[in-house]
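You will see chain A twice below: alongside chain B first, and alongside chain C after that.
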Partner chain A sequence: MLAVIARKEFLEMTRDGRFRWAAVVTALLLAAALTAGAVSWRAQRALQAQAAGQMREFWLNQGPRNPHSAAHYGLWAFKPKLTLAYLDQGVDPYTGVAAWLEAHKQNEFRFRPAADASAVQRLGDWTAAGILQVLVPLLIIVAGFGAFATEREQGTLRQLASLGVPARALVLGKVLGVGGALGLVLGPAAVLGAITLALAAGGPALVADLPRLALLAAVYLGYFLVVAAATLAVSARARTARAALVVLLLGWASTTLVMPRLAAGLARRAHPTPSAFAFAQAVSADLTGGVDGHSPGEDIERLKAETLRKYDVATVEALPVNFDAIAMQQGEEHGNAVFDRQFGRLYDTYRAQARVHALAGLVAPVLPVRALSMAIAGTDVEQHRAFATAAERYRRMLVKAMNEDMAANSRTGDFSYRAPPALWASIPSFAYEAPPLGEALAGAGTAFAVFTAWLVAAGLGLAAIRRLDVA
Partner chain B sequence: MSVPTAPAPSPSAGPARGAPSREGILVADRLTKRYGDVTALDALSFAVGAGEVYALLGANGAGKTTAINCFLGFIAPTSGTARVDGVGVEQDPVATKRRLAYIPETVMLYRHLTGLENLEYFATLGTGRAFAEGELLEHLARAGLAADAARRPVGGYSKGMRQKVGIAIALAKDARALLLDEPTSGLDPKASNEFSALLAMLRERGCAILMATHDLFRAKESATRVGIMRHGVCRAELATADIGHADLERIYLEHMTD
Partner chain C sequence: MSGTARATPWRLEWRLFHGDRTVRVLALAFTALLGVAAATGRGWVAFQRETIQRVTEAERARYDSMAATAARYAAGDTAGRTPWTDPRMPNIVAGPRGGRYVALPPTPLAPLAVGQSDVLPYYTRVTNGAKLGFAGSDEIENPLNLLTGRFDLAFALIIVFPLLILVLTFNVTAGEREGGTLGLLLALPEAPGRLLGRKLLLRGGAAIGVALLGTSVVALATGGAAAPGRLALVLVLVAAYGLFWLGISATINAMGRGSGTSAVMALAAWLVVVVLAPTLFGAAVSVALPPPSRVALMTELRETSDAVNARGEALLQKYYLDHPEMMGGGGGNMKNFALRAAVVAEELDQAMAPAMTAFDAAVRAQLALADRWRYASPALVAHGALLDLAGTSSARYRAFDTQVDAFHRAWRQYFTPGLVSGAMLTPADLGALPQFTFVEESFGTVAARVLPGLALLVLLGAGLLLFSVRRLGATGVVAGR
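Here is the complex of A and B:
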């Protein structure tokens, strides 16, 4: 019975001009987003690889140089994009993907496409995720708003009821029918997605990313089920198809367009983040009062006394090590503690905001879906934090190695010391492994719980349609 | 409680299929429906046997459609029962619907599907079995719809063509009983005649037919008995064989005035 109902729904929908047009437009947008996303992902990856290679080459070939000067010379660290990032760019356009690593400072990320984008450009920046989250639900509404309401208006529901078709079978059959019609759009899109993924990242990457791809597909299918369930539930209760359409369009606009912005505002209000200027000032104020390796002060004097005692000498000139380098490293340690505190607080605020977002998802299912999609694609705030932490760890290792080399191989006040190229080669290239899928999902735990609640609610909602008013 | 019994089927009626029903295939037993202070049906009782056509006559609001809705399970009676082939509608609505076919004033079909696809859909859902295309076309042909018309989308069908698909659904379901709600309303005389011929065919197959109509002429032509209803009450029950068209009209009008 279910197959019969589903087949009829599928036939009717695919013969309906409104659905055909909506499906064609959605499919074209999805195809364009997938292709453009894959091309852009590949170009960005090539650019990053090229820039990272050049950076390494400059680092290795910088010739004899004072290590501290080399630490100031610095390096770029690039956030490697997971393959699925071409489907969902997540927060990358807002956070940036390149960090400048240098002595004394934990810099904020740079090259944020969103900061340079015009309003018009933002309209053109639809990713596949955006289309799946916003436009496909609209397509489901177009396909399903009349599922019961039109049948009720036209009298076919009465005809069906006279046959003794159980409401539950009708509901499930219609869900399957809507799913089948949607498959006409999403099936080819999935194939195109796999092809573009394989072309952009290569076959082995496609295989390696299959679990993520499968999970991403499951999340979106679950989301579409939720939307389909809501659509059918409204259609089952609406007096007319027009009323069902109006209610559903209002619901769509408020949950997919208004709520995300509202949730962002709520999150900012509940957990305010400082402006870039205020953050820089807070870091600067926190740094003041600690050891500044470049300027004399009480802390430097205390460190000097400790160092002289340790080496049992009377003056810094008599030290077997370069006290300037020791002081600079001490300054680094102080700075590191400040950065851990300030950036830690900032990221904790982001995390709290993400939780508010996820909880707002109790009203708008697109919010937990968006969070899960970014987590699976490796482009959420948590994974940005993981990368930022790794880049900062690398910066500290590099600066420490420079300071230690300078301390060991030169004397206090001797800034003419030049380290040999072997020192540069002893510093490994920056390599970053994104957190595994389980860890990424754990970071989106609240969103996962809220999404599961939506799935359960959708199932219960469908099961609750036991009787259909035929007139 | 008195249970009305159906008169014996006319000699022209075919043998009833399935278990023989002593009380009639469609039985209204003191069927009452009240909406607040308004009584739509007031202890309505009748029985329709195999091969019988029972026409409920009456003005709008007389309770004809309410009676049909009680048999379909769309309305729960306030008291009394509607039975199909001995089974109470409220007791087992799915089983009773399996035995019924229903043709409303306008048979509602899916406009994007062809007549054949509509028949396949409703027949499969109504019987729970799959149909071969040839079998479906045969039912449609028997109902008077040619194969080329059957393969066209229903959006372009006339009311009469839709009625034929409705009859084909009843044939495919092999229904024990047929409920018709104003079936000839809006049909031209030729289509009405064709419809009457189809009813005669179903009658001969032993189908019990309950028809709600305003059309006295068609009731006299097609029905074996008529029940004249007013304010939810069956005022008179007549065997059409015993009266002429003019008698029926006179009696009907008498009951329509106080």
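Here is the complex of A and C:
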């Protein structure tokens, strides 16, 4: 009986002009987004690989130079894009993918691609993820709004009830029917997705990314199930199909378009982001004033006394090492503590805001889905933080190596020392490994919990339909 | 006499409309959203104004302290003086210590639309260094929030407002027919087109009225009265955009389909105009003219600055060769060092000019393309016009950038003689350094950019409305098939 109900629902839907149109448009959009995404991902990756190579060349070929001047010369570190980033570019347009590493300071995001694009791009996000999150639910609504309401209006629901068809079988059959119709759109899209992925990144990448891909597919399927459950629930209670449609559409517009923006406002209100200027002032106050109450100047004096005692000499000029470099490293250590504190605080604010977004997901399921999608694709804020932290670690290693070489190979006050190019080669290239899937998901823990709650609610909701009002 | 006779059906219609619970709920919800939008816009503009004020205050404090120190040094007390902090030295004032903040203050209507203002820098510090060295005082807003966007009035008007109009008017004919009252209406001595047209106008007009009222209240409460001309255009824009949607709804009504189909058609129209067209359009623009890569620009900058730095000494010598009269003067090594830094920075900007121009041209071309084709969707027309009027479109930020460039040149030129001669600045000089003030685009320029779009919206709306009211006059259509 279940199969009969599902088949009837499926046939009816696939023969409905409205659904056909919506399905064709969605499928075309999805196909175009996948292709365009894969093409641009490939281009960006090539560009980045080339730039990273060139930056390394610049670093290696800077010629003999004072190590401190080399530390100022600095370099760019690039965030490699995970393969799945082509499905969901997440926050990348707003963070940029490069970090500028130089002596003395940690830098924030620079060169966000969004700043060079036109304002239009911000009205809609045209990636596969955007379509899956916003448009496919609409397709589900168009497919399912009449599932019960139309039958009720036409009186067939009464007939079905009189035949003794259990409500549960009817519900399940309709879910399957809607699912089957959706499968006609999403199935080919998934195949196309796998093909574009393989073409863009190569077969081995596809295999390596299979767990992520599978999980991503599961998240979206779960999301669609939630939307389908909500659609059927509304349809089961609505007096007319029109009422069901209007309620569902308003619900769709408010949860996918309006709510996320309200959530962002709420997040900002609950955990205000400081202005860049206030942040810079706080950093510089910490840098000059000291983190733990005593000034960096006192630290340097103490360090000087210690160093003189260690080498048993009276003046820094008599030291066999370069005290300027030792003091600079001390300054770096002090700066690092400041950056850890201030940037840590900033990213913690982001994290708290993300939690508000996730909690707002209790009324707008698209929010946790978006968070999980970005986490799996490696394009959420947490993974940007991981990249920024790795880049900063690399910067500290590099600057320290420069200071140590200068301390060991020159004397205090002597800035004429030139390190040989071998020193540059002794610094390994920056290699960044994105956090593994488990860690990425842990970063989106709240979103995961909220999403699970939605799944459970959807299941319970469907199971709870025992009785259907026939009129 | 006839005036009262005509007024009565309107009043009756209004009573019917007003008594509808759905209408009240929707009006309330929309008003609440406008309130949230107002708070959002106001909050963001206050944030920018406060930041600019803090920046200005910090700069004033910095200049006061420099002037005090300069006065002390000039009086002969040079305790604690170093060549890299002395505020009398032109290179110190021109660069790290005296660098001047320039700001782009939000316009009086900025609270209406956030636009691109949250990803483009609205203040920056100008020194005599190379341009790319100081470009980029970006805010550090959470990228997740940037990605999501803000719920501002522009969003409420462009995206939500059409929904309100459509929901209130999509089934004026179908509703009467399905409610069984259409026959009664047709039996009245009035033309059906006029009757249904009145219903549409009243309901749509109420929605437009709420939007106009909301926009005026928001604008006036946030200082919009300071730009009356622009505000008037914003209101015309809101009305024109509403008119367009009313026209769409009238067209759907005139097709004489059932409520369900009408609802789907209304939604499809909204989806195409408001969601799909802008999204596809944005994608098409970035595929046709991809934004140029900053990564490539950075690589080029690095290569160029290496080359220019390597030629630093030669550049300085060349400078002296070109200006032999400058060889004298005091200052010695420090002066040479400072002058070389300035010469290198200038040379770097010159060497980078072709790449920067190309980059700029690519961005401009993309924006121009987006601008030219925004007529593809009324939502884009309205969005672009609103951003232009609120001063949060890329255009104003690019104007700011151009003016900052000019200021940067003026700032450099101001210091060059001092750098060359090694002459010290006096405390009085510090009070008379070049200042930056943004010169706003004239109302005429903005209006000229906005008016074609406005005209298009009005024409489309009025055309659709007239066409469908005439069609509604044909009873066959109204009665359905």
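FYI, the second predicted complex is superposed on the first by the 455 of 471 C-alpha atoms of A that agree within 3 Å, B and C clash if a C-alpha of one lies under 4 Å from a C-alpha of the other, contacts with A are read in each partner's own complex, and residues count from 1 in each chain.
Everything below uses one rule, namely that a contact is a pair of C-beta atoms (placed from the backbone, for glycine too) under 8 Å apart; a residue touches a chain by one contact, two chains touch by 3 or more.
Just so it is clear, the structure is predicted and the values come from calculations on it, not from any experiment.
In the superposed pair of complexes, A:Thr95 makes contact with chain C only, with no contact to chain B.
Once the two complexes are laid over each other on the shared chain, residue contacts for A:Gly155 go to chain B alone; chain C is not touched. Applying the stated contact rule after C-alpha superposition, one finds that A:Arg242 touches chain C and leaves chain B untouched. One of chain B and chain C touches more residues of chain A, and that partner is C.
When the two structures are aligned on the shared chain, A:Leu257 is found in touch with chain C, with no touch to chain B. Shared-chain residue A:Gly164: touches chain B; no touch with chain C. In the superposition on chain A, contact is made by A:Ser275 with chain C only, not with chain B.
In the superposition on chain A, contact of A:Arg309 is made with neither chain B nor chain C.
Here chain A touches chain C in the complex through residues 18, 25, 29, 32-33, 36, 40, 43, 47-48, 51, 54-55, 58, 62, 76, 78, 90-91, 93-98, 108-126, 130, 134-135, 138, 142, 241-242, 245-246, 249-250, 253, 257-258, 260-265, 267-268, 273-279, 281, 346, 349-350, 353-354, 357, 380-381, 384, going by the rule given at the top. Across the complex, chain A is touched by residues 33, 36, 39-40, 47, 50-51, 54-55, 58, 115-116, 119-120, 123, 136-151, 155, 158-160, 163, 167, 171, 259-260, 263-264, 267, 271, 275-276, 278-283, 285-287, 290-296, 298-299, 302-303, 306, 363, 366-367, 370-371, 374, 379-380, 383-384, 387, 393-394 of chain C. By the touch criterion given at the top, residues 72-74, 93-98, 100-102, 104, 106-113, 117, 121-122, 124-126, 128, 153, 179 of chain B touch chain A in their complex.
Against chain B, in their complex, chain A makes its touches with residues 1, 4-5, 8, 11-12, 15-16, 154-156, 158-166, 470-471.
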